[in-house]
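Naming follows writing order (A, B, C and D), and every chain is counted from residue 1.
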Amino acid sequence: MSVDRSYLKVGETVSGQSFEVSVLHIKGSNANAPKVYIQSSMHGAELQGNAVIYQLLQHFEKHAPLGDITIVPHCNPMGGNHKVGEYTQGRFDPVTGNNWNRNYHHPDRTWINKFAEQHLNATKAEIIQAFKSDWLKQLEAALAEPWKLSRGHLMSYRLQTLATQADIVLDLHTGSKAARYLYAPRYAEDSVHYFHQEFVLLMDNQFGGALDEASFCPWLCLEEALIALGHPEAKRPDFESFTVELGTQEQIDFDSAELTANGILSYLAFKHVIAAQWLNPPEIERHIVPSANLVSFYAPMGGLYRFIKQPGDIVKAGEVFAQCLRVAEHGQSDTLIDIEAPFDGYIVNAFDSAAIPMGIELVKLMRVHR
Amino acid sequence: MSVDRSYLKVGETVSGQSFEVSVLHIKGSNANAPKVYIQSSMHGAELQGNAVIYQLLQHFEKHAPLGDITIVPHCNPMGGNHKVGEYTQGRFDPVTGNNWNRNYHHPDRTWINKFAEQHLNATKAEIIQAFKSDWLKQLEAALAEPWKLSRGHLMSYRLQTLATQADIVLDLHTGSKAARYLYAPRYAEDSVHYFHQEFVLLMDNQFGGALDEASFCPWLCLEEALIALGHPEAKRPDFESFTVELGTQEQIDFDSAELTANGILSYLAFKHVIAAQWLNPPEIERHIVPSANLVSFYAPMGGLYRFIKQPGDIVKAGEVFAQCLRVAEHGQSDTLIDIEAPFDGYIVNAFDSAAIPMGIELVKLMRVHR
Amino acid sequence: MSVDRSYLKVGETVSGQSFEVSVLHIKGSNANAPKVYIQSSMHGAELQGNAVIYQLLQHFEKHAPLGDITIVPHCNPMGGNHKVGEYTQGRFDPVTGNNWNRNYHHPDRTWINKFAEQHLNATKAEIIQAFKSDWLKQLEAALAEPWKLSRGHLMSYRLQTLATQADIVLDLHTGSKAARYLYAPRYAEDSVHYFHQEFVLLMDNQFGGALDEASFCPWLCLEEALIALGHPEAKRPDFESFTVELGTQEQIDFDSAELTANGILSYLAFKHVIAAQWLNPPEIERHIVPSANLVSFYAPMGGLYRFIKQPGDIVKAGEVFAQCLRVAEHGQSDTLIDIEAPFDGYIVNAFDSAAIPMGIELVKLMRVHR
Amino acid sequence: MSVDRSYLKVGETVSGQSFEVSVLHIKGSNANAPKVYIQSSMHGAELQGNAVIYQLLQHFEKHAPLGDITIVPHCNPMGGNHKVGEYTQGRFDPVTGNNWNRNYHHPDRTWINKFAEQHLNATKAEIIQAFKSDWLKQLEAALAEPWKLSRGHLMSYRLQTLATQADIVLDLHTGSKAARYLYAPRYAEDSVHYFHQEFVLLMDNQFGGALDEASFCPWLCLEEALIALGHPEAKRPDFESFTVELGTQEQIDFDSAELTANGILSYLAFKHVIAAQWLNPPEIERHIVPSANLVSFYAPMGGLYRFIKQPGDIVKAGEVFAQCLRVAEHGQSDTLIDIEAPFDGYIVNAFDSAAIPMGIELVKLMRVHR
């Protein structure tokens, strides 16, 4: 099985050179099988997706998939190469502060409703085909007027021309110092049991700019419009997209990558993208909650923090999960201060530096109870 | 006339020390005169407000105002001291990318409606008093739970405890390389003729997180609720707030500061905060449009830009207002490329470095026609 | 035992406020015992020294020392609070790129020679007293002409006014992802056996700007001058200074801090700064080599690196100690490339992000053989 | 006259892609005429060199040169694209703080002396040829062991393989907010009268890492060695190199570029690289001093600075050349403080942001008297 490569231009430098990303293409053996789009590292410090892609490529080279698979490993050269000190400030555009993962295109809802009306007599397959095609045209039209596009939008739209052609989209991310978790559309809850992700956040039809939302929300809007109009085949989108959070940033971990890759392969087998023999859902405990259950806990004081509890751990309301050391305040206020959880929850993500000014997100807590 | 000073804590460092800002208090001679709150440099590179404050202080020391005036010159020590190379990256939190000027508190609209119902029989003066008081309590309640507040919110809420007590709020900003312009609530259009700001953007009741909006939108919501309930005194808010854009960032210009300060004093005289003798509206041409007329024009290619037209200039659709130099592309594509205006408009703001990657905002154009 | 605190001004912000650091003073019971100066976190991301100081303070509160001890925990507020993304870019001045730990004052060698001549008939105690006093005067004279001092020098000189009064100076640092190691003057090799530092780098009389060198080199110059002039008491300096590298940056680790603190206490007991009962040299294997044996190994290609060997491990020439993953190059060049050690050595320090452009220091290798 | 282009690889990204720079080649009509190497923007914010190159290219296209000319416009893609906020932090490697212009290769002096001995009987032309050839081999040998090279060295050595083959090297830089000035080897003082640079700093044989020094110092060392050995043709190097400081950073100014380009062309005519008709030395007053006369004046307090005097102006000892505004200190200390020149001198360079912490270089003063 060979992997083809092409290059996609996603921006231009100050000297007029192109920022280009490598796109890997794996041809499936069955033209009718679902097509998959995978990208990694839109946030520049979130590297682990590339290790997962390495595992997937090894698999695909030995076992050709049924469906076409398109992979963009380091999809954001502007974020990925913005190092400051040892680390990568790749979460937001260093010029503007705009989060790199908030710039995708969602077709206008009014337009979607109109599209549904116009295609009421078409079959579902025809509708899917036409919707993808029109959506792609919208992206191309937007890209033809670059003066209206920020560089985040420009890059995202270019990548989205690839994603829009797929039936499944996986956007590989990581947290700071984090557990493995998954953002999934609520309607795709069945699918989450095939991934190797211990924590699952279910999302409703709310678009905030990220690729997973930009990918599934339009299909959900279309389904809703078709249902409202009484289209007989409309139930839930055939399309699925996920943000797969692979653990801790700024590192690659081959053991974890193997687990995650096997989970992804299991999901792809479930969706008939690869042969059924790879369907082997990881037997792990999953904590599945609405995405609103993920709550930011900001450092209530400035200092150096040590964690008593780690990402993946559960904490009870009132339980000390971290301590704040303030040696310079010795004698004036307490030097080591306990930080207590405000409610029962799992620590899903923790700040990856001990030096934390007041008001910076210390942890993300996944509330157990609503 | 003396100026008193106090300190306001707006954050904490990683060693547990306080970030404190200097608050200047000028006592007015008339307890019934409107109170004014002025702050500068929430965006760290936007320095000119401090030069304007210097002019105002010189005035107030000679001519005591009628109303109390509270001034916070360098209101954001975290943004103002974040230098990278020679310049100040003070527009967004360097940790998160969050724009420092998007974090103010707007009371919940449902709560405002309920407040209006409960105060239907009160006089306007009583309502204003109660509304300010309740709003302040909301800020204090939020500040009492720091784990829920990002450091941008924490700082903004602290400053807002001062702003909320005023009748007039002026937030002093600058553009990049920019003309003098003004964001004003649409209902306060009469007031804009007292300022020395050539370009005026009128805002509706839409809250995006900035101080001017956070200051006037709640009053507008309250008025709307009172009008809907038929309160006899409800017409338009007594309260006014403005973002005053003072020109170019990273510099202080005393000549421009004097013009702007005189405009502000003229406005304050109009509002009876200072004696009527200072009412002397600058005789300048003003371009007043809805804020939606301000449009970003992104660099359509990466390169080095030189401006043919400058901030303040008008450009016609199709007119060349800048050129893009790409010497490294010599022989492959054009080396000097004309950039044309997409519509008739004023250049209000221009990027302050010639080195511009594709997709970075080259200028802000103020559309002449809708 | 109480700890007193004072504040030392080390700079000024753009609004004219002082940058102040907290100085902790512990009074010794014996005025003749050696005085100690300890500082931490000149490089802002190197936090662990504060955890060690926390351990030391707990000890001193229970067991008063014989000699005076002065501690500056977070000694560099400008570097310590310069966060970019989650991490602290605290290694160099973000305005100039100047390493924060290269700015200390070393009295001019010609002046030292002259001083030796002038004090040839004085006792060693008198000489030490006079040398400290004159050195301090030089610092004060330099600080009196601020226009000649960069802010790195300004801060360093201020701190050095404290260090110069001590007999022992400990500068607490960390590596990136690192083993515990120690920079020691070659003449103080006896002392290294009391610290809990597995790797030791011996330094000659070569001043590069760091605090340890700035502290011991002048004394060594003085001794050399006195020996050359035949002063009977001149053998080796009574003064000692060390840079103590405490492991990995951006974290605090209380277990490691306890080990290191016990090592420091053991050394202080050896030097009669605290009671003899705390003399308890850690029984660890120490690798002691000249500082020139520490060699930078730069990433020979750009990619994502995973380490087969860890800080503290030994590697043989030709042994694979890391691998470079380049998924985007899949099909064009090898995707996973072995990185081999060029000689036998210990990995003492490793880059703390897996994303490494070509030419960035991958590891510091401590050469086993010359 | 056509301009050919090739690409030179100067580094690798974190995904393994090459950083490549565009190299422009203009073939001269006379193989014996001196060869010229020109590069621009090693410091990423110093853009004006590209505008000068644009002028030079226009000239060369109309009037083919006698000697070969090699031009690298944007020579540092890593520095040039490191934007933070609007500006370019391109002066130092953002990972390490290392100044991008301190990494060139200077052959070892011992080796040069040995080379001179071995070539004592060769003609000057043969010596020059052999010296260039051996130097180039040293660069290639170093580049063959990338693990020993930081990315600054790697890039500089690659560029230097081009520079080493030339007889004249021009490195185009700018100051912050600056006058036009020139660094020249003292032995090449005759040449400075052809450039359009008002201020000239003469350099001795002292290598600090910059390209101009790395280019002429080895030739000076060689001359000295040949003179010491009594070679009959040894007087002064035929080779010349200059750092041409083109004014203010972060901008391109075509008027200034035309002046500077004409100066460069005049110099090239003087050196017989282009036809004699272009010899037309600019009639400007030049201030020529030893490079040690350029003195840094650091901000003696933190605040906002306005300049009374501008780059290019002369100031007398005690004359106020700037004022420091500290509104936040109003009432506590003076709010507007005069800054006086410590000696007679020209302001050659000024900080390009008004927001200046204590200890940051406010201006560079060129001392009039020794």
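Everything below uses one rule, namely that a contact is a pair of C-beta atoms (placed from the backbone, for glycine too) under 8 Å apart; a residue touches a chain by one contact, two chains touch by 3 or more.
In this text, all values refer to a predicted model and were calculated from it rather than measured experimentally.
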| item | value |
| --- | --- |
| Higher-contact pair (C-beta pairs counted), A-D versus A-C | A-C |
| Contact-pair overlap exceeding half with B-C, pair selected from A-D, A-B or B-D | A-D |
| Centre-of-Cα separation between chain D and chain C, whole angstrom | 35 |
| Separation of chain A from chain D, taking each centre as the mean of its C-alpha atoms, in whole Å | 46 |
| Geometric centre distance via CA averages, chain C-chain A, whole Å | 42 |
| Of all residues in chain B, the ones touching two or more other chains | 13-15, 17, 21-22, 73-74, 80-81, 83-86, 88, 91, 95, 304, 327-329, 355, 357, 360 |
| Sites on chain C touched by chain D in the complex | 11-17, 78, 91-93, 95-99, 146-155, 296-304, 326-329, 333, 342, 355-362 |
| List of chain C residues in touch with chain B within their complex | 13-15, 17, 20-22, 73-74, 77, 80-86, 88, 94-95 |
| Complex contact set, residues of chain C against chain A | 2-5, 21-22, 24, 44-45, 47, 50-51, 53-54, 57, 73-74, 80-81, 83-91, 176, 250-254, 304-306, 325, 327-332, 335-336, 351-355, 357, 360 |
